[in-house]
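In the two complexes below, subunit A is the common chain; its partner is subunit B in one and subunit C in the other.
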Partner chain A sequence: MFSELATLLSTTLTFFSIYVMLSLSLNLEYGFTGIPNFGKVFFFSLGAYVAGTFVPRIMHILFRIDEPLCSAVASTQRILVGLQEPITLMIIFIASLIFSGIVGAIIGYMLSYPSLKLRGDYLAISLLIVAELSRVFVRTEPNIVCGTDGIGGIPNPFISVGDTLIKEVLYSILSGVIAYLSYFFIQRIVNSPYGRVIKSIRDDELASQLLGKDVKRFKAEVLMFASSISAVAGCLYAFFIGFVYPDDFIIVWTMYSWLMLLLGGLANNKGVVVGALVMVIIDRGLRRIPSYWLSLPFDVSYLRGTIFMILLLLIIMYKPRGIFPEKPLDTPARQVFEAHIKKVVNLKKESPHQ
Partner chain B sequence: MPETILSLQEVTKSFGGLKAVKNVSLRISQGSIIGLIGPNGSGKTTLFNLISGVLHPDSGQIFFRGLRIDRMSPHERFKLGMCYAFQIPRIFKGMTVLENTMLSLKEQLGEKILTAPFRRRWFIQEIRNAQQILPLLEDVQLVNSYDKFSSDLSGGQMKLLQLARTIASDAKLFLLDEPGAGLAPSLAKELFKNILKLRNEKGLTFFIIEHRLDLLFDIVDKVYVMNRGEIIAEGKPEEIIEDPKVKEAYLGG
Partner chain C sequence: MEFLQAVISSIVTGSLYALMAYGLTITLGSIRIYNWAYAEYVTISAYVTAVLSSRYFINVLLCFPISLASAILVSILVDELVYKPLTKRGATIIQLMLAGIAAGLLVRYIVYIFASINNVVIIKAAYASRTILVYDTLVITDLDVVAILVTLLMMVTFHFILLKTLLGKQIRAMWDNFELARLSGVKVYMVRRFVCVLVGIPAGIIGSLWSIYSTVTPTTGWGLLLPAFAAVIVGGLVSIPGAIVGGYLLGIGENLLMLIAYRVFNISLAYKPLIMLLIMLIALFIRAEVIPFKPIAVNIYRFIFKRGEA
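Let's look at the complex of A and B:
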């Protein structure tokens, strides 16, 4: 019973971390900068594809595995080697996290060009198509992640611990730390003059340019940073499930990211984290409920989708700015004004006759 | 003779078949206050859009502080020292009054993605910048609403906020499109007095579109009159009032 609960909690924490990274990066893109990224799953899948291409190949070279890359035997051998070589495996894991961050940044930079030319809905549709096309491309191209079969045998970096539970707990803590780091940096970046600039781009691009802001540069940087966070999340996901399968990366991921963002609140990072928490609890919690508990006319797995859509509708109807609306940025300039106003009030108190 | 800060040579811009600005040439010297008047739809705002970089001219050249700028993007022109305040205020509605004003300060260290997360790198500059804009917001009586989202301001306050933001930019040339419109008479008077003061004290240059001639003519050195995309007259306010062409096209009667 205890181990079951611990497994549930660690799985939930891992998914929570991944969701937090996705929704926070989307918040940076849309909530703060106004880039409607409807291709979130594409940037997410990049990290998984990096893990799926880089990890098996490097392991085959390093540990001289001769079996064909996509075969089941090779996949088992990779797991076995991972058990024997924990340090090398950890280095490979960290390298692929960094590598997916870099790939995410490069592709994010490339896609900042259409985001300059296309506005609003058109950009959203284009990114949606990019995400869908990339999935179709990867599943038909056997040399990336073995086409429709996907590639398995991506060993969990903590596999040599032996105990499945401890392995999952360690992995979830690591994901939590990475998610916290991205939260920390995004919070720092937006609560600064940089955050002011990207918000101004969201509100009025032309006026922002007329105040000397190089919109092109800011959009490119935001997309680079946000995409690299999404790609790292994808890489974490691939190592967690140990398998990269192109048909995993369907539009649902994008929709979930948007749902968390809208639920929590646009341009409010704390709200988005709460949104992700609500999401992951519903998502993971309902998976544990056996169908016979609820006498539903359909399978219990459809219940999640139904709940999410009802939530989305309610939010859009009654709280379009999210549960936690946008707040003023926390920059040092505010302290100056706060102090000034206090001073004026005190002066008035001291000399009531003037 | 004072230095020329802005000069336009034969600048033309058309929208489809309509020539909004036709062969406009003008010269503005540093430290002057220049007015631009003309009937509605005469191309005044289009001319400002061409100078500030919102639009690019079809032909002709624009020089600002000795540099040719007509192919530059708006943000590059701003960095050279030009700031444009729109007729209908374009403030950032999802940002507070303070954030709106802070935005226009130049060379902020915290605007680089690599320094932004490290507060210590830009903290002192930020505090100084805030102290610098505090009196500006005091002038327009928006200090107490510094933390308000600017979408909650009234129309006149939005206009004032835009002005404060424009002045905070530390530009050399200000393009003001109807700064007095939508303000209470006393405030508008105050505003024009402040413009004159800024010119006298700091040698700043102002190029102003305004329909309230009583206010404008008190402070300007020279007025250009536009009609149907062309400059039909230029000179001191006294001369302009007497000009028959101006009377016919703009002043009436």
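Let's look at the complex of A and C:
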């Protein structure tokens, strides 16, 4: 019972951190800068593809595995090698995290270049189509992640610990730390002069251009940061599942990140974290239903999708800026100002009859 | 012969894409919505044709109007329940787009649930297409002919409706300036319903053609929508001739260019979606004036035709 609960909690924590990274990066893009990114899943999948192409190939070179890359034998061998060589595996894991971040940044920057010259909706639809057509491409091309079969045997970096439970707990803690780092990073960006510039771009692009800000550069940089964070999330996901399968990365991921963003509220990082928490609880909870209470005649993921989409439609209709939208910033100047106002109010209260 | 076959299949797929892009452009132009739920209209009509003809043994020709009606019904329902309330609340185009994708996915999940309850997740209409012309290795089926003819017929009809009727005039007025049209006495929401019907018709036709041509799954419509949207981007979002040209261009790219790349450079046939992506990205680059297409074209034109005048 205890071990089951611990497994459930650690899985939830891992997914929570992946969701947090996705929704926070979307918040940085749309909530703070006003770039509608409908290709979130593309940048997410980039990280997973980096893990799926880079890790097995480098392991085959380093440990001299002769089997063909896609075979089941090779994937078991990769896991066995991972059991024997924990330190090398850890180095590969960290390297692929960094590498996926870099790849995400480069491709995000490249894609932003043509699209930011056009209207905002151009960027949205072109990113969406790039995401979906690239998935179709990766699925049909056998040399990237083995086409339709997907590539398996990406060993969990803590696999040498032995116990499955401790392995999962360690991995979830690690991903939680990475998610916290990205939260910290985004929070720092947003509460700095840089953040004020991107917010001004969101509110009035022309005005910030007139004040001498290079709007396109700022937007491209924001897209770069955000796609790098979501690529890292994809890499974490690939190592957690241990398997990269192109048809995992459908548009549903994008919609889920939008749902988390709106559950939290635009331009409110704490709210978005709460939104991701709500989402992950519903998600994991619904996955447990069939085994405990009732048996459905269809896959429970369809039910989950239906519930989430109805929720999203309701939020767009009744709370289009999210449930807890942005509040005025708590800057030192505002603190001084508010303290002053309080003092004035208190003075008035103390002497009602002047 | 292989080349000719590729030409014919590129015309067929091109006309399907163009027809879909046509529907998308009309919604985008007149009511300003990126209609991502359009994919599910196609899926629904494909399912209706496939299930009716293979489970209830109804003739395909009889299924055709029923599937058309179902696509129109879904189109109107989505508009009434999702798009219209949002527009009345003054939603931005991004919110409308998000709502469109969400509504489409909702319909898709409901289709998934019904299909898996009734065990029809993968299904095909009970109709074997006949070959009407065989010459060497060139094979033309009746489906190819029907697809091309129906597309041409639809385009002519749409052209007639848009240019010659009062309804078309009202739609064009909305296209140019929504507020002005409303103030001039166009019953905007009534016209909007007609637009939904106009959009539902090509979706129904494509869906039932596809269910005869190939197997139907709940993601069928989505798979067809992506190239259609790429065609809309190639054509420049709100231009109908542009959408048609974009559709045929993508059809040619998918079949003809792919064949040439396969034969000449020995590139794997898996790169079909990549070619579509490339065409779309090049169009995007030209539109963003990263590639200075216009000055080059103008210079070439001047060089050829007006050399003497300068």
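Here, the second predicted complex is superposed on the first by the 319 of 354 C-alpha atoms of A that agree within 3 Å, B and C clash if a C-alpha of one lies under 4 Å from a C-alpha of the other, contacts with A are read in each partner's own complex, and residues count from 1 in each chain.
We adopt the following convention: contacts are C-beta pairs under 8 Å (C-beta built on N, C-alpha and C of every residue); 3 or more make two chains touch, one makes a residue touch a chain.
All values reported here derive from a predicted model rather than from experimental measurement.
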Partner chain(s) touched by A:I125 [first = subunit B, second = subunit C, both, neither]: second
Touching partner for A:A267 - first (subunit B), second (subunit C), both, neither: first
First, second, both or neither for A:Y113, with subunit B first and subunit C second: second
Which superposed partner A:I323 touches (first subunit B, second subunit C, both, neither): neither
Partner chain in contact with A:R188 - subunit B first, subunit C second, else both or neither: first
Touching partner for A:F137 - first (subunit B), second (subunit C), both, neither: second
Touched partner set for A:F337, first subunit B, second subunit C, both or neither: first
Overlap of subunit C and subunit B interfaces on subunit A (superposed complexes): none
Sites on subunit A touched by subunit C in the complex: 36, 38, 113-115, 117-118, 120-122, 124-126, 128-130, 132-134, 136-137, 140-142, 147, 251-252, 255, 258, 297-299, 302-303, 305-306, 309-310, 312-313, 316-317, 320
In the complex, subunit A residues that touch subunit B: 185, 188-189, 192-197, 199-200, 202-204, 206-215, 221, 225, 267, 326, 328-329, 331-337, 340-341
Parts of subunit C lying in touch with subunit A, wherever the complex brings them together: 34, 82, 85-86, 89, 91, 93-95, 97-99, 101-103, 105-106, 109-110, 112-113, 116-117, 222-223, 226, 229-230, 233, 237, 268, 270-274, 276-277, 280-281, 284-285, 287-290
Residues of subunit B defined as touching subunit A within the complex: 52-54, 73-75, 78-79, 83-84, 86, 90-96, 98-100, 102-104, 106, 108-113, 116-119, 122-123, 126-127, 129-131, 134, 143-144, 146-147, 149, 165, 169
